[in-house]
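Each structure below appears as structure tokens.
Next come two complexes, and both contain chain A; in the first it sits with chain B, in the second with chain C.
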Partner chain A sequence: MSGDRSDGGTDVVPDGGTVTEGTAGGSGGSALAGLRDRDDFVVVAMAAALVVFPFLLIDVLGAIGEVIGISIGGYSGLPSLVLIYGIIVIGFNLLLGYTGLLSFGHAAFFGSAAYSAALFSQVVPSPILMVIVGTIVATLLAWPIGFVSIRRSGVYFAVLTLTFGQALYFYALGPGAWLTNGDNGFSGIEAHGLFVGAIPLDAQLIPVFDSYTVMYAFAAVVMLIAVWVANRIINSPYGLIFEALGENEERVEFVGLNVFRYKLMAFVISAVFAGVGGAMFVIHEQYIHPTTGLYWIQSGDFVIMTVLGGTGSLVGPVFGALVFEYVANVISGVTLPVVGSIGSLWRFVLGAVFVFIVWVFPRGIYGAFSDLGSRLLGGGSEESAAADGGEHE
Partner chain B sequence: MPLQLDIASILLNGLQQGAIYALLGIGLTIILGTMEFLNLAHGALYLVGAYTGLIVFQETALTNGLLYSSGITTIGFEGGFLAALIVVPIVGFGVGLLMERFVAEPFYDRPETDQLLVTFGLALIVEETIKNVIGGNTFQSIAPQTIFGVNVSQPVNLPVVGLFPSWRLFIIVIAFVVIAATWLAIERTDFGLVVQAGTHDSEMVRILGIPINRSYSLVFALGAALAAFAGLIGASIQTLSPQIGTDQALLPAFLTIVVGGAGSVRGAIAGGLVLGLIISAMTQTYSQWAQIVLYLFVALMLVFRPEGLFGSGEVGE
Partner chain C sequence: MARETTALSRRDVLKASGAAGAAGLTGLAGCAGGGGGGDSEYPSLGNYPVEGDEVVFGFNVPQSGSYSQEGADELRGYNLAVDHLNNGGGWADTWSDLSGDGVLGKTVTSVEGDTATNPDTARQSAQRMIDRDNAVMISGGSSSAVAIAVQGLCQEEKVQFQCCVTHSNDTTGPECVRYSFREMFNAYMTGQALAPVLSEEYGEDLNFYQLYADYSWGQTQQASMEKFFTEVGNWSQLESVATPLGTSDYSSYLSDVPRDETDVLVLNHYGLDAANSLPQALEAGLDQDMEIVVPLYNRLMAEAAADSIGGIFGTVDWSWQLDNSPSQAFVEEYRAEHDRAPSYAARIAYTQTMQYAAAAERAGTFYPPEVIRAMEGYEYDNAGLGSETLRKCDHQGQRDVLVTRGLPSGEQTEDRLLEVVNQTSRDKLGYACDAGPAAECELGEYGDE
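Entry: the complex of A and B
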């Protein structure tokens, strides 16, 4: 599969407003020299964005909603949910956006982590331990599935990951019901106790704003770690090989590198992110069912979020997760003057937007914005400027 | 029930399920083989066929619907399923032409991940349109009481097999007639020659001066018509809801061509029958494990015989 989506080998790293350029083939030396600064910068910018995010999503949008008479503000659980999916798609993008492998089976890692975290919570209801246990299970599962799937490329890779995911789904639904509770799913999963202490996860951090919960702080910290790790990987020589694989696998092979090993590592790393997200999802929703956890549409949702947001940039996919969850949870409840209730139309709208994005902006919403930004700022041949590693402000 | 009778009914049910898989697989495989285009909206075409069938069946039934209210059915002719048999492939063909022109063609030169993504989005749109226009609820299957004047509502007593639903027998016959016709069209006609040549080397066909773009439209439309026809058959034996497009059509179609070998019509037929028999045998013995065994079988096929039963191993990589 020759995905030539990351044109020119440049990725742009977003950081809540300003734009800095990531490293790529062209600027290898200076990139390595400035790595530490950039690391700090990305994490600090992300932290700043995370501090204002619930306020913007709930309070500001809520206030605007009151003025225009349509309730478009988020509810208090939404920011955490966006972050959880954001963590997953940052990892998913390492596979799809950088390595160029399209997996339709990541629900397997999400769901297995969710289920193992849910089961573990009945022994030790500690959120942090639940995340660790869930992630370990997802990682252990990703190894054999990746080992088999990576051998094939293109559509066969997509179908193989899908078949393993579906086999797991049907197992959880039928024969594995003794473990997974089958079609009834688990509900009322509670996480408290060790590490986060006896403080309930939905307790408010700041008295005035009910959007800042302990759960949100927990998700934000994990998100920061995820961004830091992903940024570290992308800007390392290892990550450059992932990107090279996405551009031209043969060339990487000719250089003498073990393509199989790098692809397997990309697959496992992306599964680790999905595992973290799956365990966090159970802690947040206190509920898991084969359809939400393991069904292939869940994998499809990861694909949609990643592509909507934009492949080939570090946190571009997070925008996709935001748009997806916002449309699914807020817009779906909106009643418009002419159209009436959005209701179940939301998936239709999402599908249409998705097709439009794939068609017109292969690099997603974030890619489209950064193109627009560089066009406005640079004026002229920003294409070649981008190919040289972006322009410095 | 003695063992041999079980085996006979497993075979018959497997044939019937396998025929649906083969119909889906042929459509998917000729599109993939000829145009190297990966169509994740194949299940949506199945849905189009199933729901068109449902509407035509209802509107042309003897006792109510559009024809009844306009007084045409007083001639005593049961339109129902027969009308659907004619209308559904035509609608599928038309939808296929439109899809090729407006969705597939702009993506022929794009990376195959983009093809997967755009058709995945299209599948979502079709599924959601059906949910919002016709409704997301479940419909009963649309098996008719009589067809060609023959009563098909009662089971028939077959030698060896024993009692078997006569409607399913009818389905096996008609599905294999269609499969055989498609097979002949691809093996014995000029159009089929172009399709086959295109599967091997579409560039060479173009260089030889054959208008392959027109063939592309026809191949796509033929594949779509077959998928729609499979949907009609599916709708006559299973309950209908917008979700079945992926579960009962798209995924089985992909599994079928993986087992048979991508790009091979023969492979799609063989693969469909193998999978149909597996599902049928598992359903009648350990039904909980049926789907799991199916998926794991395909995974094993991919690992140990990646080119499939009849594939060249090059298409789709």
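Entry: the complex of A and C
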């Protein structure tokens, strides 16, 4: 590697590496890399993906399904659902992927936001206000839970968060049934539509494309805001400290930073995302049940989605949310010619996908894509870089 | 089993009609097309009109979780119904409304989904059936929480829901909706049917102690038992204790039962829960000191606890042992296909599908409000339980209830685990439209107001 760099001390090698990559891209690679470094690139790329996403999920997969005779297409509620879980796991990843804290109680924030948004809708049926109220409640709840839990680390932290989540679950199911309607679930949620009810959420966005609803556009806009905010956080000095915390907590402490405060902030920020998602969920589903909102399995699903999609990358977990929800809600209804109905086997399918991804691509689906991408692009540029270097020297 | 292949074209027609009808951004999906095309005489609503020559039913049953075995038997009932609707046989031959040649000239096809006994999973599954597969009717259950969640969705989507196994008072009580009908009896009626039989069998002025599964069904079930045991037999309740749904070890709850004060122990558990709690109660020797009652039997628990159920009372929705021609016709068809007797879950699944098809035939259309009106107040006696009415005010079936007793293990056969003690007439059961659970029921809109 350093063979052709005669002047290279051990110090120079990494530097040299980055330089070659930078110069190599002069033709194509670095334009992309340069773009990727810009703050708004990720938001623009996300926006582009969001425009085609429902078409791919519903119409294209639906058409493929028609051809092969197996119903693998999505349905009109699915794209919004994926985005809502996507928002939550982007926030969850700030905690797990960057700070390295594994919370098993994020359903508490998701569910409490969902329930408070649902209750608030009985008074003011405005989706935007519902999101704000839900988020505030989740944030206020995250503060004390985080304050107590973050004092312990590792498995103790996970179990503490789990305990708080489960406490809320049992409260919602039993004693709090007067508020939550218990096991019958909270229905009768009124979200009158955007702009004081002028645009109903289930209206079609564009008349001919019934895959695109106003609800989807709403979720997409919130998703873009979430991506933008998360991106700003990660690329700020504050976010760098989150990342440093994940890598070596003691070092951060020795530098003189208040580790507890940063961890608590990471926890609260991730709860804000979960709160936004919870309120969005209730607007989308118009229904919430303790099992969906507050049960520990929901918290576990967030972990699975995040790890599946890829921790340590901003939008990676969204892929995890997509695969998870797709397998759970579409593959579970597939009937195969020989095997028969997938039905309850969907968990095996998801488990198999999970094991495969984690085994083969430890950095998740997003990591797999970026590895593939860099092998196609980066691999080529490395060769050309070497060639370039050779010519220059 | 590749499902029909015209979904895309049907979708396209809907799109086109939607495009024609929608003036701008605010056209409601599915409500936009004026005539909808074809022979429809009503405006588009839910998944009406049904394009093409096939009509889709959605069967949303638990394929995983504590009720999965029951879900499997429900599916057998559903598939038998679809077969009979298309090709004749069974009740399609005897019900005058049905032709045995599809429904309203269209071939019936079906899609399946797994509720996983989870309300949200069930709603997603139903949503997929409604949006993507254009199902005009969804049926399923085996957990009241699930049935309530899905019927709420169906009300919003204006698609018919046919309750399968759901026994909670709330389904047709405070949570009732216009787009859902339930033929199964409920916890209230179980209390009414059991209390007289038990007070005659065990005597009056007794003390009873309850355990109940802590969810929608268990809660209303224990409340109904308390109400009727107290009223009918003048019994008094010592305590009623909640146990989490899906508990596998009940020993700590059972050891709290005061043996010298308790005369009757009521185990308000269902499915796997009951299959665990009942044998454990016997193992703890509680049957030496008191009588045990399991208010709602099902096959799974009777099989799993076969050694323990001898002499234990409970209610069932229906039994294959009933000696009437609709019952026997169904049992015969089911046996021919699956080589054993159907459980009552299979019969409800079968009945609910037939009932929807018959109502559509009577209405002459799949237009949901007309199908609902054809079903409201409908009286029939061809479903194996004598005279039944689908009451208009709360969509609760008014029908007889069977009180059964477990057979001692020596007298049991593979299919015959319970004996029917009493068929309580529907005249002695139920409640008025302004009383009991029905008082809290507001059905909501038909959708054509």
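Structure notes:
Definition applied: the second predicted complex is superposed on the first by the 331 of 393 C-alpha atoms of A that agree within 3 Å, B and C clash if a C-alpha of one lies under 4 Å from a C-alpha of the other, contacts with A are read in each partner's own complex, and residues count from 1 in each chain.
Note that contacts are C-beta pairs under 8 Å (C-beta built on N, C-alpha and C of every residue); 3 or more make two chains touch, one makes a residue touch a chain.
Everything quoted here is computed from the prediction, not taken from an experiment.
Superposition of the two complexes onto chain A shows a clash between chain B and chain C.
By the touch criterion defined above, A:44 reaches neither chain B nor chain C. By the touch criterion stated above, A:166 is placed in contact with chain B alone, chain C being left untouched.
Of the two partner chains, chain C is the only one touched by A:81; chain B is not.
In the superposed pair of complexes, A:351 makes contact with chain B only, with no contact to chain C.
When the two structures are aligned on the shared chain, A:203 is found in touch with chain C, with no touch to chain B. By the touch criterion defined above, A:179 lies against neither chain B nor chain C after alignment on the C-alpha atoms of chain A. Touch criterion met: A:291 reaches chain C, while chain B stays clear of it.
Once chain A of one complex is fitted onto chain A of the other, the partner contacts of A:221 are absent, as it touches neither chain B nor chain C.
Residue contacts after overlaying the shared chain place A:73 against chain C, while chain B stays out of touching range. When both structures are laid over each other on chain A, chain B collides with chain C only at 62-70; the other stretches in 8-16, 62-70 or 422-430 stay clear.
Within chain A, the residues touching chain B in one complex and chain C in the other are 174, 344, 347.
Those residues of chain C that touch chain A in the shared complex are 1-3, 5, 7-8, 11, 14-15, 18-19, 22, 24-29, 32, 63-65, 68, 111-114, 116, 118-121, 123-125, 127-133, 145, 148-149, 152-153, 156, 170, 174-175, 214-216, 219, 242. Note for the complex: chain A touches chain C at residues 58, 62-63, 66, 69-71, 73-78, 81, 173-174, 182-185, 187, 198-200, 202-205, 207-210, 213-214, 285-287, 289, 291-292, 328-330, 332-333, 335, 337, 340-341, 343-344, 346-347. Interface residues of chain A facing chain B in the complex, by the touch rule stated above, are 1-5, 96, 100, 102, 148, 151-156, 158-160, 162-164, 166-167, 170-171, 174-175, 296-297, 300, 303-304, 307, 344-345, 347-348, 350-352, 354-355, 358-359, 362. Those residues of chain B that touch chain A in the complex are listed here as 32, 38, 106, 110-114, 116-118, 120-122, 124-125, 128-129, 131-132, 136, 246, 251, 254-255, 258, 262, 288-289, 291-292, 295-296, 298-299, 302-303, 306, 316-317.
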